[in-house]
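The structures come next, written out as structure tokens.
Same chain, two partners: chain A is paired with chain B first, then with chain C.
Presenting the complex of A and B:
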């Protein structure tokens, strides 16, 4: 038997136009990485001093005080983000829990139920919702949604109050993480709807027909074929929405009662999120406190990264089964 | 031509099977349109219970469109329209107030490309019709075995019913799809080129399955393979589109179509002079 040859090296000489195009798209692709890296560096550089001096208590304690002497020098300072981090997570979770069912229902309606003529108008309206300024959502949430949402909160408290997170004590329902979450939910519905609609519309037609040919009703076809196929996409969309809800500043600032107190009770009117803390303090902060705010930004950034990484794992795990 | 007619003649002529349910399926004056395009004109065809009818003809002659009007799958295509009547046990399946899901339970369908549900196991695939149509069955295990047995797949998969449908070969997937159609106990099974994506070995297995199934049900099969039509069918209908809507040129017992067709165009097609 003759000896098998060594595998050949396979190369190609791309054309000039191809090389140029490749450089352009590579530049575009790497720029996002570059921008993200520069932001991290900037936040880290500005916030390093605070994180180093506060140590772990920067995320475990919840005091935020700075005192000055008469010359404006800092005499004492304490920075702790615990209350804000918890508020961030709570209101974002409320938002996702409320927004996902609504968005999935909307996406299914658009793909499988809506009359053809209505469909494109509805899609345009939903896309417009995504472009709506968040301050207006905040003001609307404060003036219009809050009175109703307070009532829903009271109902939840009355019937589910035995579960610790629905407890309210003292009895204050206004400006709670629950209401902030509702406003955030409305803000993230467009993105989750849009992603879900896209994946649902890609469901292979032969599987849909197979289900119908077996005597499926529309709803049973959706349960058996469309949802298993689109599940990972919906989770991906929900995570995009979660990211947006955690980073949202103005709407939360308008609605939420920002209090430096650790509060796990979603119906109680106390809390805040990291982004709203930054906007609350930024105007009157001196250079020293700004460093602390930058450090807070870095923590929020890290939290978002962790959640996105977690989402990627979930999407990968659920991804293959329905495809 | 002689070989085809030999195959068709050698097949034992069966009387209409007494075990088949219902009084059969009749298509009366079927027309079909896609938008303005008139795809099929005035097809009338009877399918007696317990028979296998093959629909042959060149591509684009409306065979697939025709069988999709029989179980009301035609209407899924936007802009599709139809005229005429399809009678199942003497009742029009297009009559106002008919529950279309019940029609599709009685007239099952197997598609060109095997399409098991990838999110389900082999066993779940077979029984998926029960869930989709919200049917109750006393003994699921027996039904599962019966359907897989009838589809000729039981021996190959009985030890891995929990594996995913996608882990089977193409031919096995198609037999899984046949088993899936059988689980809801249809009277009629429509098969739209069920073997065109399969190798010759798998094709033979499916043809055996078709012959066994025809003892208890009515089968309509669209095929491009005239050998296959000659091997499996009792009746053959020849469709042709001559620069206009597709029409049915001729229907007759399969042996006759392949040995002494009445129409010149049928003869040209079955002898391979065109198509």
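Presenting the complex of A and C:
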């Protein structure tokens, strides 16, 4: 007869294998903190010199010049991101303004209007669009969208030209922040749509049915129940889209004319973009200028991080604002 | 006794359907006439006038039959459907453009040779994108090795351990998914390339790509692991398993297809990433199997280079490259969807 194994000690302490397991998993989990911290640290370390010497004018001036003597040493340099930052924000705002109504309409359509058979395919198509590479949007935007968008820009200028931001002088419409914004809008529509669809679909069914029972039409139900419930989720989704639009590089580079001058006229073919600046200058930059580019990257990183953090907080609060 | 036939009054009758159809084509004709008569012109004018006329006709009909609230409802319905259509139009246009422009560049030598002996202006019979495909596969492989373990560990922390860092980590993963790809590139440049390797190589690209991939893998895996029934974990513990054994032998195998989905979505996320590769990989034109040395080509870099070269042949090459890239991403995407419909194996 075999002997029964010795009874195990009864304890609430995790076993050694579990302790190791928990430690490894916690370590893996904290890696995102580590990576974000390292990004800040290294970009800050490389860009520190530039930020320290430029001071506040790094974000308030818009000169970007480096001059060298014959030995290739830097004699004079000015780095200012103001035009780039304003350009980035401007085209991202255009993108959000265009994309939000379309995305909300799409999300409402998917949740409350579309035939059941169609819904599945539409969702798949939108998810697929989110996976399209940005270089595709860039090249398509340049070759296909830009001619049309230029025409839309001219229309806007013709009929709304009295509003200062729609002024165009000199008369150049090509490669404007507006066009970059349109390309970005198409890129962020899938993101905003899927966030909005998610929050709309969480609308409590009893409220929807209560609205119908009181004789609401579909639209008055949506207005009274769905929109108040999902509002903060949509705002969060829009901010996620804004963050994405600000960090986009390649798609903007192909359709935007980068000029080191602050420009608020969205239809004029002169804009700025931090991410595209980095690609634009990287090829010919020497080590000194690359430090400035690192500092620019740090600013961009901080900007998108703040916006994404806001977005995350807002999306999580969804539903608390509805009655 | 006379039988009562069940009716379904909520369903549109044949008359309703006919009316819908007449309204649709009627507004189409009306918009054509409007564009022909007035000085409006272009596709935009057709679209806008069609939408407004359609909305107006539906609203007027509903108003006469049911009243004000319903009129508003039918007008809004038209606008919402038009918003949905506006989302589909760019996708259709993009797909149509890639196919119509890309297929010209698809020929056998595209997959058999690299660009080391060809210039961008060469005819399409010269050179190909073999080096780019190989480079992309190697870089994605490298990124997979780095990011899948970290991503899944993060997801495990969020679903299995649920320690005091759960909320902060969930938040940080969210924040990390918003890191612009160019910043990831700059980070690797400043942290690895300048101080250590001092040259660009495929592996540097992998490092940057894995930063972009980790959040996607972590978030999708977290969702998948959250779907595993709690009973399975309790059963594992009740059988005397330690947490480690329960996770490794029960939870992870049960979530296998879902985790595959997470990995595939991660690959789809990074396959077309361009900006960091422009900074880090050098984008060689020669076939290169060594990720640690020498510049390495990749599909996005190839497309970018060909597009900027500007000549007709080069742009055709760029479209062919885009077609290949998009087909790869679509295949990944469809397989992810097929796998995820199976969700949880019990």
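We adopt the following convention: the second predicted complex is superposed on the first by the 278 of 323 C-alpha atoms of A that agree within 3 Å, B and C clash if a C-alpha of one lies under 4 Å from a C-alpha of the other, contacts with A are read in each partner's own complex, and residues count from 1 in each chain.
In this section, contacts are C-beta pairs under 8 Å (C-beta built on N, C-alpha and C of every residue); 3 or more make two chains touch, one makes a residue touch a chain.
As the structure is a computational prediction, the values presented were derived from the model and not from experiment.
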Partner chain(s) touched by A:229 [first = chain B, second = chain C, both, neither]: first
Which of chain B and chain C A:52 touches, first, second, both or neither: neither
Per-residue touch tally on chain A - higher for chain B or for chain C: C
Partner chain(s) touched by A:250 [first = chain B, second = chain C, both, neither]: second
First (chain B), second (chain C), both or neither touched by A:33: second
Which of chain B and chain C A:210 touches, first, second, both or neither: first
Partner chain(s) touched by A:220 [first = chain B, second = chain C, both, neither]: both
Touched partner set for A:160, first chain B, second chain C, both or neither: neither
First, second, both or neither for A:97, with chain B first and chain C second: neither
Residues of chain A contacting chain B in one complex and chain C in the other: 217, 220
Contacting residues of chain A [partner chain C, same complex]: 14-15, 17-18, 20-22, 24-33, 35-36, 38-39, 42-43, 45-46, 101-106, 108-110, 113-114, 122, 124-129, 131-137, 139-140, 143-145, 148, 151-152, 155, 186, 189, 193, 217-220, 240, 243-244, 246-250, 254, 275, 278-279, 282, 290, 293-294, 297, 300-301, 304-305, 307-309, 311-312
Complex contacts: residues of chain C adjacent to chain A: 42, 44, 69-70, 72-73, 76-77, 79-84, 86-88, 90-91, 93-94, 97-98, 149-150, 152-154, 156-158, 160-161, 163, 165, 168-169, 171-184, 186-187, 189-191, 194, 211, 214-215, 218, 242-245, 247, 265, 268-269, 271-275, 278-279, 300, 303-304, 307, 318-319, 322, 325-326, 329-330, 332-333, 337
Chain A to chain B touching residues, read off their complex: 116, 204, 206-207, 209-217, 220-221, 224-225, 228-229, 321-323
Parts of chain B lying in touch with chain A, wherever the complex brings them together: 71, 73, 76, 78, 101-102, 104-105, 108-109, 111, 113, 115, 117-120, 128-129, 131-134, 177, 180-181, 184
